[in-house]
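Going by the order they are written in, the chains are A, B, C, D, E and F; count residues from 1 in each one.
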Amino acid sequence: MPYVKIQITREGATREQKARLIRGATDLLVNVLGKDPATTFVVIEEIETDHWGVAGETVTVLRERAGRPRQ
Amino acid sequence: MPYVKIQITREGATREQKARLIRGATDLLVNVLGKDPATTFVVIEEIETDHWGVAGETVTVLRERAGRPRQ
Amino acid sequence: MPYVKIQITREGATREQKARLIRGATDLLVNVLGKDPATTFVVIEEIETDHWGVAGETVTVLRERAGRPRQ
Amino acid sequence: MPYVKIQITREGATREQKARLIRGATDLLVNVLGKDPATTFVVIEEIETDHWGVAGETVTVLRERAGRPRQ
Amino acid sequence: MPYVKIQITREGATREQKARLIRGATDLLVNVLGKDPATTFVVIEEIETDHWGVAGETVTVLRERAGRPRQ
Amino acid sequence: MPYVKIQITREGATREQKARLIRGATDLLVNVLGKDPATTFVVIEEIETDHWGVAGETVTVLRERAGRPRQ
């Protein structure tokens, strides 16, 4: 009965991509540990880029500096 | 000084129901472990049904398939 | 399909008390929101008193100062 | 490679204050434990006052009773 | 810069299986969302079966009743 | 009434260093947001290096490869 939490920055992940994350994380627990998918939960949390910091700066700032929309 | 986190899918829980969850979880810690309610925190997190997976599928899909009365 | 996490300090909660926390938290979700107990998870995390801080001090220090073994 | 999660009630923290929290938490891990800031994550989660309980009541109610907008 | 937390019951997962969980979860984020593995964290938390409840009972009790050592 | 969780790898942080993390995180919330320290919780979670992954590998492996005991 695993519980998986996936935290990502809110930067445009689509509903289809989220469904793939859920499918993939569930398959991982089933394949590696033989868990029952019926009691495997996966929760995705999207975090605003103003709310996620790396190296002491918000991802918002890091993205602006890199001139890069993506990670 | 307990900390309780309650994650539920966002499917219409009312403000009154959330207040009952907070009251009930606090009472539980007070009654079972003698904790001080003044330092008992309860945090409710509502998760979109697209963001919660069970058995490899999103709750959105599970609800649609079930023709969904249930939560 | 709720997920409840209960964090408490490691100060002697018994196996029976933990079972009551699990039962009580599950009943709460069933009674207030009509959740299915079969997909209600409750996870208890016990935290060392050296690892829990309130008011800027560890619970270890707070307990010593209060001369009180309990909360 | 620390991960720091800061949960606060949603009561008007500004973007600048959040950036200071991220900077400060990162510096703390660097200064106390010598961690590499490049692999230090800080995530801020803002919780609605209806979703945060203390002493068995929501922060919304506590704020109304205190006639006080802030904490 | 995703953060993935995998909570499982402590029931004998090997070091090699944990390494596969970490590899698999990282690959998932890279493949689905194009994330940089260098800033993808995966944290595994093993929870005692006395501390994990499903359907109002501890996994310890559920395992004993099922006469089954595994899931 | 903030709640701060600090996850670090278990690599020899001392009791005194943990107390400094607790003090520092509390001060940060007080100084930046004017929070009341009496209702500011800080929880430190130490994670085994076998249970923490970066770039798809455990920290155990990364440390061995680097021939470096620390981060």
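Just so it is clear, contacts are C-beta pairs under 8 Å (C-beta built on N, C-alpha and C of every residue); 3 or more make two chains touch, one makes a residue touch a chain.
Everything quoted here is computed from the prediction, not taken from an experiment.
**Student:** Which chains sit in contact with both members of the pair chain D and chain E?
**Tutor:** A, F
**Student:** Let me have the rounded angstrom distance from the C-alpha centre of chain B over to the C-alpha centre of chain E, please.
**Tutor:** That pair's centroid distance is 21 Å.
**Student:** Report the inter-centroid distance (CA atoms only) between chain B and chain C in whole Å.
**Tutor:** The answer is 15 Å.
**Student:** Chain E: which residues touch two or more other chains?
**Tutor:** Each of 1, 3, 7, 25, 39, 41, 43, 52, 54 in chain E touches at least two other chains.
**Student:** By the touch definition up top, name every chain pair that qualifies.
**Tutor:** According to the stated criterion, the contacting chain pairs are A-B, A-C, A-D, A-E, B-C, B-D, B-F, C-E, C-F, D-E, D-F, E-F.
**Student:** Name, in rising order, each residue of chain B that touches chain A in their complex.
**Tutor:** Residues 7, 47, 50-58, 61 of chain B touch chain A in their complex.
**Student:** Considering only the defined contacts, which chain D positions touch chain F in the complex?
**Tutor:** Touching chain F from chain D are residues 1-9, 13, 17, 20-21, 24-25, 28-29, 31-36, 39, 52, 54, 59, 70-71.
**Student:** For chain A, which residues count as touching chain C in their complex?
**Tutor:** 1, 3, 39, 41, 43
**Student:** Could you please specify the touching residues of chain C with respect to chain E in the complex?
**Tutor:** It is residues 15, 18-19, 22-23, 25-27, 37-38, 40-46 of chain C that touch chain E.
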